[in-house]
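Presented below are the structures under discussion, each in the form of structure tokens.
What follows is a pair of complexes built around chain A, which joins chain B in one and chain C in the other.
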Partner chain A sequence: MRVPAIYFYYLYFLACLQLRLGLSYLRHYSTAPKPLQENSTEDVKLPVNPLEHPDYFQVHNLFTVKDLFDARVHYGHKEGSLNDYMRPYLYGSRLGHLIFDLDITAEHLRKALNFAAHIAYRGGIICFFNRNAMNSHKVERTAKECGEYAHTRFWRGGIFTNANYQFGAVTRLPDLCIFLNTQNNILNQHTAVRDSAKMLIPTIGIVDSNCNPNLITYPVPGNDDTPVAIELYCKLFKEAILRGKAERMKLLQEVN
Partner chain B sequence: MSLVMSFTVKNLLPATICSIRSNFPSSIHKYSTGPSKTSSNVLDHLTDWETLSKNRKTSKAMKAYLERAKEHDEFMKRQHLEFNIGKRHLANMMGEDPETFTQKDVDRAIEYLFPSGIYDPAARPLMKPPEEVFPARKAAEFDEAGRPHHFLFYTGKPSFFKVLYDAAEHIQALNKFEDKVIRKKATPDPNGSLKLEGSVWLTKEQLEQSLVESIKEIEYENFKVVMERLVSSPYAYLCKDFIEKYRKPLAMQRFALEIPKPSYDEEGRAFITTYECLRKKARGEVTIRYPGSGKISINGKDITYFEDIQPREQVMFPLIFSGMQNSVDVECHIEGGGPSGQAGAIRWGIAWSLRSFVEKDMLEKMQVAGLLTRDHRRRERKKPGQPGARKKPTWKKR
Partner chain C sequence: MASSRLERIGTILTRVEGLLTRGAMKPDDRPLWFDVYRAFPPFTEPKMAKPKPEIKPIRQILYQEDIIRAKFHSKGLGLGTTNILNPNSETHMKRLISQYQKLKSDGVPEEELIEKSAEIVDGERQRQENIKEPKYKNTVSPESVTTQVLAEADLKNIFSEK
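After this line comes the complex of A and B, so read on.
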């Protein structure tokens, strides 16, 4: 009898919050890792289609909202720089600084991780992007460690849109771009965001409160400057990709 | 004979013309084909999975690459054939055995048959094996599925940015090491220090050559900043190998020429003769005898051969500089030019001969003082319309 009561309290609480923020969206309430859904490959003989499974690579248990909080993912920029499209992801503002709602962030991040793992599972090329000099080495190392690619340098125009000319040969472009920040500097968006959209390359992007999430396929609202936060993202994406690849190896062995 | 000549030159031409550099996209590269996979129902819907799907697809990138490689192979084969024929004809022309005609002989023959006064040797006619004439191709940078081999491939300059990446990696490792040392309250190893005095960073061109990538000025500046930062660490000696890969020793060519061993005359004195001592229009030869008493003879006269003080000083300078003015005898024959040219020629000749009799550090000092440097300046010609080489007529407005 008690459970429903708590549930109603919770709904009431949510309603209050929404009133306070003037936001109209449904709140997601996942913080703790869900109990693992068993990979049906183990108990059932029939191989399951990974695409039909909601969380085939168990990316759900990679992190908790507490981890995000500890990594300072919830810090946005100052109020004045807010991009209107980022409004739905905010929890509020404190001392003039915007704060992200980590429940929403967690949801988006899990979707993004799941997608990255799927791409890795299918042998796709994943390219990491970051234009922040402080974090770029970390990002490059992540890419190297998970056997993928990185571009943290000046973006020469046309690398995607004019690839055959730029590389002097027919070139396979990445199948997924992961932006650990989507801005070139505080004013301009990274050109690769636009170019990926042009070339129909899906993108995952950590979008801070001053970024525009519109061209990003899987936007993840969160802090994109702090090294700790970037380290967490790198760790998570690396783990997801490695899980995807491990599954792939397993399948390869089964098939052969 | 003329028939043979024209035929030969015709065959010679292709390889000669080849010296014009052209850009060819890519080259041969061996790649391994993975083991063939069996089909499975699970895999049927994974259409983009080249390595797994039943009917394995080679990526477009690889297909294009293979086509190019084949084209290039054929081209090189043709060039080789032409080169070999040309070489045989050349040997026949020179009246030598085509079987034992080496590249050295080819170069000599070309120099003889096509004398060229062009200053830059790179612009002179040449006949070299095609693999030297055509620039080396990069091997395929991706595998069969089109996946690049290098993790920084999409930056367009993977090798260069890999260098920066490695440098950053080293800097972080050194910082960590330094922290550890400080925590243990130890001091840096005094023996392990990096000696960088005798070398400089690779120039932009050298770096480009070693990386086979063109880099921009600003990127080269970044490279230097990063490397300087790495070197500034007190523990930089730990990554000595990495640093030295990008440094070049300063030219040691000053003593690259062998210093001749002195010969001995019938009195048992060591002597060295330097022929062809040139300066302006003067030319002569200088003989130095050791041990001696400081006697100087110029065309049979002593130092008073020169009437002015300055040429006398010129002649004495290398002897006084090296402190040998009383321990050697100088004998020279000089002709042509005026007093200053003759004095300069003798000065250089004495300094050049003294190399065999002085210590190494004195040699170094003489080099720094410019005693061992030939002065190649010649008189500049007079220009028409003006009274001298540079002098202009007095300018009068009206």
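After this line comes the complex of A and C, so read on.
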């Protein structure tokens, strides 16, 4: 059987890349030859690598654009408070009030939910953030229900950056921070957004039209004030995390 | 463990990759999210120093009915209470506009349209409110002490001095 020459080039390229990087963290890019056509016709179900599946946890069926619309996710703030970095996510302005394009929001939200599910699947610690007093109880309850953590109170500086000293012991920081609003008040960004970026922690954030999405790893443009919208986000992230954890439990039971 | 706290430079991914390629961080010590991020990168790089997007004028969302809305509002007839807990409830303005369009198709002259449709919608609302149950319902049971005391009391002559 002849193997196309391009395949060898590909292998050579990968080998070079690994040599240059001097390490093997590209382990999920398998260099082993792919199974032949005859093998795949058999009824043996090979375990799928979750990272190679585009939507392993089926987060795309968690919500529809109509659900977002009913939860009033499309409402932004007024035109005067617009952050220029939020312009690509807007649909338009209705008599001075900005309206988000929910198709864009849905794509971003699905990506964020998928990421959260993967982190939960790998046993990561997830922390919810919210600085709106009206919604904070809901957020804390959500975190409790999915067995994760929440921080909805005043942020003492250095909780992340000076953790070992502040808590008096070596501290494990969260592996993912989910911000249900990224502002402390209408003027200042939450310090944890900057500190997460400092400590190499990825972030998911609901960014309203007056927020800066730059430091958020997975920004989700949408309304971050309305209780109905926050309830929807809480429900979605909880479900995604629980799906990730359920898969993890299944995997651990198979291994043992 | 090595880390890079310069959040203004690059992204969290590029900083970790830098540490890994230079050997400051061992491949086994890489963060938990690293492989997930590489498999599902965000739509835009989370860079602090990003050029501002092209500033185009924001599209104005306008409808044909806005002309009718403006007519009602200029006469101060457009506002009414709306129940936002009920997703199927219609706003006052929506009722006015549908009534306006109905009357217009019936051939009512332009000058009377606003006043007439406002009258009809108001009349409908009043009728609905009358149909509804009375706001105060006597929930005191006939056997209770309150009922017995009130039955004996002579409320009409309560201030008369005998």
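The rule is simple: the second predicted complex is superposed on the first by the 212 of 256 C-alpha atoms of A that agree within 3 Å, B and C clash if a C-alpha of one lies under 4 Å from a C-alpha of the other, contacts with A are read in each partner's own complex, and residues count from 1 in each chain.
Just so we're on the same page, contacts are C-beta pairs under 8 Å (C-beta built on N, C-alpha and C of every residue); 3 or more make two chains touch, one makes a residue touch a chain.
Owing to the predicted nature of the structure, the values given are computational and were not obtained by experimental measurement.
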item: Which of chain B and chain C A:Gly244 touches, first, second, both or neither; value: neither
item: Partner chain in contact with A:Pro88 - chain B first, chain C second, else both or neither; value: second
item: Contacts of A:Val255 with chain B and chain C, given as first, second, both or neither; value: first
item: Touched partner set for A:Phe167, first chain B, second chain C, both or neither; value: first
item: First, second, both or neither for A:Arg122, with chain B first and chain C second; value: both
item: Touching partner for A:Gly222 - first (chain B), second (chain C), both, neither; value: neither
item: Comparison of chain B and chain C by chain A residues contacted; value: C
item: Partner chain(s) touched by A:Ile99 [first = chain B, second = chain C, both, neither]; value: second
item: Partner chain(s) touched by A:Ala143 [first = chain B, second = chain C, both, neither]; value: first
item: Residues of chain A that lie at the interface with chain B and also at the interface with chain C; value: 122-124, 175
item: Interface residues, chain C side, partner chain A - complex; value: 3-7, 11-12, 15-16, 20-21, 23, 27, 30-37, 39-40, 42-43, 46-50, 52-56, 58-61, 87
item: Chain C-facing residues of chain A, complex; value: 21-25, 28, 51-52, 70, 79, 84-85, 87-88, 90-94, 98-99, 107-108, 111, 114-115, 118-119, 122-124, 161, 175-176, 194, 197-203, 214-219
item: Complex contact set, residues of chain B against chain A; value: 25-26, 35, 37-38, 40, 42-43, 45-46, 48-52, 59-61, 63-65, 68, 142, 145-148, 151-156, 161, 165, 168-169, 172
item: Footprint of chain B on chain A - complex, ascending; value: 47, 49, 122-125, 127, 137, 140-141, 143-144, 147-151, 153, 156, 159, 166-172, 174-175, 251-252, 255-256
